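The structures considered in this document are given below.
The following pair of complexes shares a single chain, chain A, combined with chain B in the former and chain C in the latter.
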Partner chain A sequence: MIVSLVKRPEQSQSMVYVSPLIALVFTLIAGIIMFMIMGVDPSEALYAFFVEPLTSSYGWAELGVKATPLILIGVALSIGFRAGVWNIGAEGQLTLGAICGGGIALWLYDVDSFFVLPLMIIFGVLGGMFWAAIPAFLKTRFNANEILTSLMLTYVATLLLSLLVHGPWRDPDGFNFPESRIFSDSATLPVIWSGTSLHLGWVFALAAVAGIWVLMSRTIIGFQIKVVGQAPDAGRHAGFSVNKMVWFVLLLGGGMAGLAGLFEVSGPIGQLLPSISPGYGFTAIIVAFVGRLHPIGVLFAGLLIALSYLGGESAQITMNMPLAVTGVFQGMLLFFLLACDVLIGYRIQWGSSAAASATGSGAVSNEVPNG
Partner chain B sequence: MIETAVNSRNTLLRLEDMTKAFPGVVANDKVSLSIKSGEIHALLGENGAGKSTLVKMIYGVLKPDAGQLYWTEQPATVGNPAAARRLGIAMVFQHFSLFDSMSVLENVALGMEKGIDHVQLEQKIVEISNRYGLPLDPSRHVYTLSVGERQRIEIIRCLLQDPKLLIMDEPTSVLTPQEVSKLFATLHRLADEGVSILYISHKLDEIKALCESATILRGGKVVDSVSVVNETPSSLAAKMMGEELQLSEKASHTEVGDVRLELNGLTHIARDPFDISLKNICLKVYSGEIVGIAGVAGNGQDELLKAINGEDLCSPADSVKLDGKACADQGPNQRRALGMASIPEERLGHGAVPGMSLLDNSLLTAFQRLEFLEHGFIRYDRCQAFCKSVIDNFNVKSNGMGAQAASLSGGNLQKFIVGREINQKPTVLVVSQPTWGVDAGAAQTIHDGLRDLAANGAAILVISQDLDELMSISDRVAAICAGVLSESFPMEAISIEQIGLMMAGVDPSSELKDQVSGRLLNQLAGQSEESPGNPP
Partner chain C sequence: MGEVLIAAVLTIITAATPLVYASIGEMISEKAGVLNLGVEGMMLMGAVCGFAAVNATDSSAIGIIVGMLAGSGLSLIFAVLVLGFQATQVATGLALTIFGIGISSLIGQDLVGIAYDGLPKLPIPGLSAIPVAGKLLFNHDILVYGSFVLILVVSWFLRSTRSGLILRAVGDSHDAAHAIGYHVIRIRYMAILFGGAMSGLAGAYLSLSYSPLWIENMSAGRGWIALALVVFATWRPWRVFTGAYLFGGITILQLHAQALGIGVPAQVMSMLPYVATIIVLVLISQDHNKIKLNAPACIGKPFHPTS
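Presenting the complex of A and B:
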């Protein structure tokens, strides 16, 4: 029995959506094997990982809290990836958003006004945009690879935050811990589900999904992004500017990441710490791809990955499993997804290739490869 | 006498019921043919008829699904190109595999299966190039050579293997008329020495001039095997296309109006060392007129198109004028607003986005002129009506507006792109290689569309390497060589040989009045190709 891959005449649209599900099944199978090797009962472990977090209203609220930054960033990154702009540094843009927005909170610590929070949001977005503007400038001016520049700037941003909370922004009453003051009430995001920690950011995340869906499917800007990403020369012929696209998608990604960072520090965390994100900016890359670079897909993928964070915590508490299990699950999901994506362009064929390809050519059309 | 000679020769290659299927199509369906020693055999067919698939199976690049190949009447299996070369089969591909930055000698040495002494190899190259009239200096670097000279490297590479069968895939598509006649002389000499040649083409006059017999493919099947002597170009065409081709007569419009497109000292300095700089190009195209620009590939055609359609900006602003308005400093969309449309040579990736639907591809260049936008939002209802009209008017065969551009055959996609631009009713249209790699039926649709557009008052500039195409549709013709555009001449006043001289950068205007003698012509062509060390 020979297994071979046969190129499809046209990309399979259904496989675009089936592939993440196949990947999920493979991830679960590999997870079961992993748990067996670790000497844990797989059914118990999978229950702790994927079901237990959703058995309480607290769990559902936490799911929204964790999914908020993933969706905000993932939906913006997916646009960039469609344009062929590889912004890998959302984590740094998130950090800058937290620094700039959080800085406003500390500066206006004594001001009790409705305008503090909107001002923080604006500065959070601007901070993220500023950090993304650096790779955008370097790419459009010097053709520097944005993967490298945006990634390296992430480390600069993390160190900048660390410097600030160890130094000038350290809480004067904080016993020398490297933490800022806890934000005042007017600088804290309102909770939208009383009794839980689900905050206003979730509404922003849903609005971002809807807004970007409209942008990509109905406007000429979204159309230009898709054209430039798939065929830059065709974009130039149509009169679309590649440089403008690079600026647009990087500033959008940076702004959304900055917003997500600000929501983290003014929501669940409530102050500036040396580390404010468990890698949301990087995980959002997985979210974007699992979500098929489509806003609605990103919404579901964000919830799925958020569940893996919660599951990791719950497995840690109830079964004493290491936190690294979370990362392993996320990594396996992306790994299997990329492998399954081969099926979009190819189909699997069992048996001898020559005989089957002759009979397998059901629909005869007027398309001929290679004249 | 020829007939008896042919009959007495041995059969070198015989194919029996060769079949090859690809997903969605049977490219070769029980194809049989036979070639005798020393015979020049044409494989004739439209694009998509299955010619390339068949020769790839002979050369071992593709594996047949069914069928048998006989070599000197012995059953043989050709598993890969190396096995084909061991049998004595050599092939010159349409696209050369040469390294630009290496010398001729080094390129030839790279293709040898075993290592060989360079001094010995150089002697052999010189010997073969002299014997077969393929002047070539082994020490020249490839990037300094013309396309015709590059093709000679590929041929010499094949001849070094002492082939019994030489396969040539559309070898003349990149050559000037003078280079074509030299190539034919070489091929005749090879055939006289007993080498068989399988010559793939869809150019009927070439086949008539060169080949003894022809196998005609249509839709993957053999429709006929004929002796070329008994056929006329039109009978061959009829067999190739399956229906009598209605010869499109040249439109008789001679009424020309105002200047619509004016190039006035257009100059563009190449940024990339492999691009061509445009030098002081001057041309006026009038309303109702089709002007052709001939030229061998890579002499600035791409750059000229981009400078005219706005993909490349130039200065001063009045070096490009549309209906009298200076616009050399404006981008494609501003020029579209002034009435410009353009069709680039490369269909997939330049003229259309391969992975997008025809609907999205019709939006691509038409959204501005046809007002498909409302406050930045796309009005897909208007776009659909437009896309449907393009598909209907230009007879584009596809699975509807949702079909991906990449899923269309070359001819149908080209009809779609040409239709998309023509249906926007531009006042100036620049088109590069409108029918490159397109079958005759589609070419006719495209040419008719261009003529209609001109008859309605548009100015059309056609950049093409296909001289037959230019002769049949243009009112005036100029040639581009190394980024310099020649003067233009009315089509009636110029011969194909004179266009050939212009393509080589020679000014034929002094000879235009008195007839150019064949001797002078050969002399000039010889000079322009620089063949040191090789007596003519």
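Presenting the complex of A and C:
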């Protein structure tokens, strides 16, 4: 008895949606095993992770707060992944957004005006776009792999932030701690649910989902992105400029990541610190995939992954569990999802491989950028 | 001055050694047509498991072996997903790194703050007494010597052995290799596991020799630099070696800048390796054909045997 994969004549649409659910089930099972290895009661741990955070209105608000950057970035990255552009430096673009937007907040520290926040938002977006423009330029002009350049720039961005908060932007009254001044009220995001920390960024995240959905399903740009991603040659023959596409998706991803970064520092954090994100820019990659590279999917995936962050914190407090468990959960979810996605293109056949290959056909060819 | 220079060269060697391991491993995997972006995760896994093993057994040999096994253990997940489940290599590699960062800090949470003497130096009798050269070349730990041996063996393997030829065939045209009767999947499994083992060794070198302790995320992007080095080297072992040592040279600027009285903030110096990676990538990628001619033709493409 051998398990073999048989290529489906066409991709299974239902499996596109079922696969994340199967992956989630497997992730939970693997999580139970992990907790047992750690010597923790699995039911207690799973409760602390996935249920307890949602038992209070505080928890629900926090869910929105944590989902905001994930959705903003994830929804933009999913466009890029569809176009075959692998921007994995969103974390750096987020950091630059925080630096540029936060810089405005510090610069206009004494200005009490309605216009401070919009200006910060604009500069946050521009900062992220600028950081993403570098890999875009290097990719289109010099053919340099955007995976590696965007990632290297993440390290540079983190060091830049560290340089600024250790040096020129350090709070003069801050006892030499590497922190900026706490932003003034006019540089702080308004809270949209009083009594909680849910801020205006959540509205932007929902708007981004809607906007990207329209872009992808109703505009020619969205159509071009899909074509170039699925069949680059067809796109070229149709006269779509691949370079323009690279610029577009990278600037979009950078801008959204910058926005997310600005929201972090002017919302939940309220100042510039050496570390402003627990890796939202990287986790957004998982969000994009779990969300099936579709805006609505990303919305739900963002909430799910946000819950894993929240659960990690709650399990740390109530059960003294290390925060790293969150990362392990997220990684496992992506692993299982990628494994389950085989069911979209193939079906499982129990039997000898000879019988299977008789009905099977051609290898899939997923072009992957390189070099 | 002589002393300073020797110290400088020794720093270059220690900074280059993990890069040599990781990028040679990745190069082999890419030669077989598999792009594994999980190097960073596998390095961290090697680092934490190697360190944990030394801590538990007090044997550096066991530490090295465990580090190697941990790296290839993680790469096995990648191999199964990519080869067995036809998952996209880029996404799976990213997942491997994210998972590796998480699981390594989970494993290492009780190891933070524990100190270790570092791998013992193994001076080669006689040779190590030679002035200057003895210190530079013949007074290292086992992993530095190992990296020299590795580069020799790998370049010989790829150039002069039948197995090396088969490996390259699988990476350049899996359909043709399959048609001739080679086991594409099996060969790719071996290449991925080898790559994982080398990344694990690179990590073990970091936690057992480079800075003998465990810190979360201690590889600090070296896995990614290793990936860039493979492109920089246009998939040739000796160029990988040269590239790794060039990067070692940059690291040294970072470490000795203050000693040399260069008044640049530490963060700016720390940016150097990453900026250099970008510059190097740009320089090498500029020539479209150079990459096209040298890159394994099937890199990143999944293979599903049909007959």
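As a working rule, the second predicted complex is superposed on the first by the 351 of 371 C-alpha atoms of A that agree within 3 Å, B and C clash if a C-alpha of one lies under 4 Å from a C-alpha of the other, contacts with A are read in each partner's own complex, and residues count from 1 in each chain.
As a working rule, a contact is a pair of C-beta atoms (placed from the backbone, for glycine too) under 8 Å apart; a residue touches a chain by one contact, two chains touch by 3 or more.
Keep in mind that this is a model prediction, so the values were computed, not measured.
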{"item": "Partner chain(s) touched by A:Gln330 [first = chain B, second = chain C, both, neither]", "value": "second"}
{"item": "First (chain B), second (chain C), both or neither touched by A:Ile348", "value": "neither"}
{"item": "First (chain B), second (chain C), both or neither touched by A:Ile29", "value": "neither"}
{"item": "Contacts of A:Pro322 with chain B and chain C, given as first, second, both or neither", "value": "second"}
{"item": "First, second, both or neither for A:Leu21, with chain B first and chain C second", "value": "neither"}
{"item": "Chain C versus chain B, contacts on chain A by residue", "value": "C"}
{"item": "Which of chain B and chain C A:Ala210 touches, first, second, both or neither", "value": "neither"}
{"item": "Chain A positions touched by chain B in one structure and by chain C in the second", "value": "7, 357, 360-361, 363-371"}
{"item": "Residue ranges of chain A touching chain C (in the complex, touch as defined)", "value": "5, 7, 86, 88, 138, 142-145, 147-149, 151-153, 155-156, 159-160, 162-163, 166-167, 282-283, 285-286, 289, 322, 324-332, 334-335, 338-339, 341-342, 345-346, 357, 360-371"}
{"item": "Of all residues in chain B, those that touch chain A in their complex", "value": "19, 21-27, 47-53, 56, 63, 65-66, 220, 309-311, 331-333, 336, 342, 344, 346, 348-356, 360, 363-365, 367-368, 373, 376-378, 397, 399, 403-404, 406-410, 412, 437"}
{"item": "Residues on chain A engaged by chain B in the complex (per definition of touch)", "value": "6-11, 218-221, 223, 226-227, 230-231, 233-234, 236-239, 241, 354-355, 357-358, 360-361, 363-371"}
{"item": "In the complex with chain A, residue positions of chain C that touch it", "value": "35, 37, 77, 80-81, 85-92, 94-96, 98-103, 105-106, 109, 175, 216, 220-221, 224-225, 227-228, 231, 265, 267-268, 270-271, 274-275, 277-278, 281-282, 285-286, 288, 291-292, 295, 299-307"}
